[in-house]
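This is the structure I have questions about; it appears just below.
Chain nomenclature is as follows: A, B and C, assigned in order of appearance, with residue numbering initiated at 1 for each chain independently.
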């Protein structure tokens, strides 16, 4: 979509390679190489070859689907919560922009564990959240929030919210304000102006934010562990257990690769659906 | 979005560019936002804490100490498992500089960290590590640890009888306990409505959904086995399968709310659950704020776990390590440790010394259990690698959905 | 009508912000708790004891210092690497760009336990001792993708003809970059840096494998909870928040000052 730099000088033909070199080299050495070793491990299953993959797919299909469901729910929720806040910061916050942006990231400066303990305090059976929901008759007398799907998805959403907000903010913030005003003049409702002008321009941010939320959420292991019951166990926890407790390395490796493959294919499909020309 | 489309905008474009080229500081202003966060927090870090702690210096301090003449003793232990005086006292008494790091927080995770280096005979920069029984057994079987030098360990005579000989380390050639704890039942009598006495109380349908068990395989399987009349010290695969089946049935039936590490502690304290398989040290720690909570060793028995001191085979400071191990087995010193970290010591005479410095603690059966209680404690049978993996698989299948 | 829509949006946004800070409020609150025992789960009584004795747990503070140092270094490097990649991918069409795209996404899809342990194996193969450097290397590795994707969302749609126009006006390529391109994409870079910083501070499992015997803040808290969870942890968390808040506020005020001095508006394009 963007115009690319014209210019056929030798310098500019080399330029992209020089620019990506440091980061790519870093990733190749510290990610690709270790991953290749992992791939080798995945093929050393007890029954040889692809047996570990076979086991991964047959025994843990439920966990995969569950993880994707939770990650999808968390991403949609994060979008619903994060987009308006990003919009607010970009267009309505004026001088306080950077301050608010900082506030969005601030909760991350306490560790995950400290934040989650705080959530447990709030969501405790005898705590304020349950009390309120019981008053509103949303929860029954013996209802609870902790150790349920709600708590796990809530935890995922909360912990990945900044990853949704920041990319959307950066793509919103650069939209020319005059464009928006012109659009509002053209379309009679603010919603129309939003739909036709702002939303399409913010899609790169939505795309990036969705990726940065969905992908790590799908592989997350700690939210389900602390906030969920065994019925909410996600594939990340399974991989963790297989790796550290059972020490079935081929199975853990093959589970990891299946996860990576499925997500990557999903991302490709998503990119095509949104109409971007490349994968991310 | 090209701005070349409409003519009037060209003028604006040029005006903007002229502005952009001459305006300074935009980058600085934005960078300030991120930089401020970093700087501000770094300042805080600089202000906080007194001396630049020894654990932070790492390689540099090792070189410095070596230059100073002595070899530094590097101990890795679980957090909050020691009092504040023992390390300085030891340094004064023996002249051995000690670097005490609290970086062990899970057996499996720690093993995964040291497995590769030890496999290749590479140093792990530690001279003493403290790991739970079954993990100690695994290290011993893999040949990762050095034998203890009994000649430098006269205080070995103080070793409590019940742990003098264990299945994973016959004769205690490679390990001795640092501190021990008991796994039993923690519960709130106000929520259960009655006193509990048996392991099988946890399966009482009256407590459906108010019960948790541990993710620690040996503790959970061991207790359930005891409830089924089996002996965990002689656990067979059939025993394990039977216990796992019972657990699985309870889970799918909704009896068990979840399987936890030690996060059951806050669930008990908050009233989310009524009963948990619990470690005695946790209930001891909760007691002051939650006087309702009780810990019992059920009538069928309870599990004993010890965290054992081991010397990695790659350590080049074995003499210093033995000095530490001998030092802490003096009942005076072990009592001091227990006073700061209320768990069980395996050194005889600790109870008497403890009564002198912390009489209230000495009266607690969770810290100073009477012999009758010690007799009812069991340690899970040592497993081979293959059994460990297989039992773990069965267990994970039982507790996971 | 438009004003109603505005107010609804404002209100909703404030609510979301409130949601973000709900647990923070609890954390700050419980730093004033006075538990008699070793855990901090149940509210007992209000007290500033923990605040008066914040350094009671030396190792806790050492771990925080380490985490901040690691985060500072890894954020700086990852931001540079990621921004360069983002620039290259949006500015140029070149062979291998899809591969680079894929390379960016893959680390995100890999489970952390696997990322951490495979990296450890690599270090051992290369005979590199685990410690500060390996932690930083690992953090840079997983941050680059986040930075690149975030900055790219900003650059997408950037009108590169602006650069040509600037050069027509007589600016050198370097000047063009620093005076034209960089200011426009700067908010993206700053946001990405903040993300990378937060990621680094919060990372647990990858750090666990590659920390050697160093202990970062998350590692300490995870480990400590087995034995105790003192209010000092909340005190430290609150202190970090306060300092960050002050720093943020200071930059906003500084921004105001310099802008007022130059009589310029806040945003470059409006």
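Just so we're on the same page, a contact is a pair of C-beta atoms (placed from the backbone, for glycine too) under 8 Å apart; a residue touches a chain by one contact, two chains touch by 3 or more.
Computed from a predicted structure; not experimentally measured.
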Greatest separation from subunit C - chain, by CA centre: B
Pair sharing more residue contacts (C-beta pairs) when A-C is set against B-C: A-C
Inter-centroid spacing, subunit B versus subunit A (mean Cα positions, whole Å): 32
Mean-CA-position distance for subunit C and subunit A (Å): 15
Whole-Å gap between the CA centroids of subunit B and subunit C: 30
Interface hub residues of subunit B, defined as touching at least two other chains: 1-2, 30, 33, 37, 41, 109, 112, 263, 266, 270
Of all residues in subunit C, the ones touching two or more other chains: 41, 117, 121, 157, 159, 161, 187, 190, 194, 197, 222, 225, 240, 244, 248, 251, 255, 269
Residues of subunit A whose C-beta touches two or more other chains: 3, 98, 101-102, 109, 117, 121, 201, 243-244
Complex contact set, residues of subunit B against subunit C: 1-4, 13-14, 16-18, 20-21, 23, 25-27, 29-34, 36-46, 48-50, 53, 55-56, 58-59, 74, 76, 78-81, 101-105, 109, 112-113, 116-117, 120, 122, 124-126, 261-263, 265-266, 269-270, 281, 285-290, 341
Subunit B-facing residues of subunit A, complex: 3, 62, 98, 101-102, 109, 117, 120-121, 124-127, 144, 146-147, 201, 226, 228-233, 237-238, 241-248
Subunit A partner contacts - residues on subunit C that touch it in the complex: 1-2, 5-6, 9-10, 12-13, 16-17, 19-24, 26-27, 30, 41, 80-82, 84-85, 87-94, 96-98, 100-115, 117-119, 121-122, 137-138, 140-141, 144, 146, 148-161, 163-164, 184, 187-188, 190-192, 194-195, 197-199, 201-202, 204-205, 217-218, 221-222, 225, 229, 233-234, 237, 240-241, 244-245, 248-249, 251-252, 255-256, 266-267, 269-270
Contact set on subunit B toward subunit A in their complex: 1-2, 30, 33, 37, 41, 106, 108-109, 111-112, 217, 251, 256-259, 263, 266-267, 270-272, 388-389, 392-393, 396, 399-401
Residue ranges of subunit A touching subunit C (in the complex, touch as defined): 1-6, 12-13, 15-17, 19-20, 22-24, 26-28, 30-35, 37-38, 81-82, 84-85, 87-89, 92, 94-115, 117-119, 121-122, 158, 161-163, 166-171, 173-174, 176-178, 184, 189-191, 201, 204-205, 207-209, 211-212, 215-216, 218-219, 221-222, 236, 239-240, 243-244, 252-253, 256, 259-260, 263-264, 267, 278-280
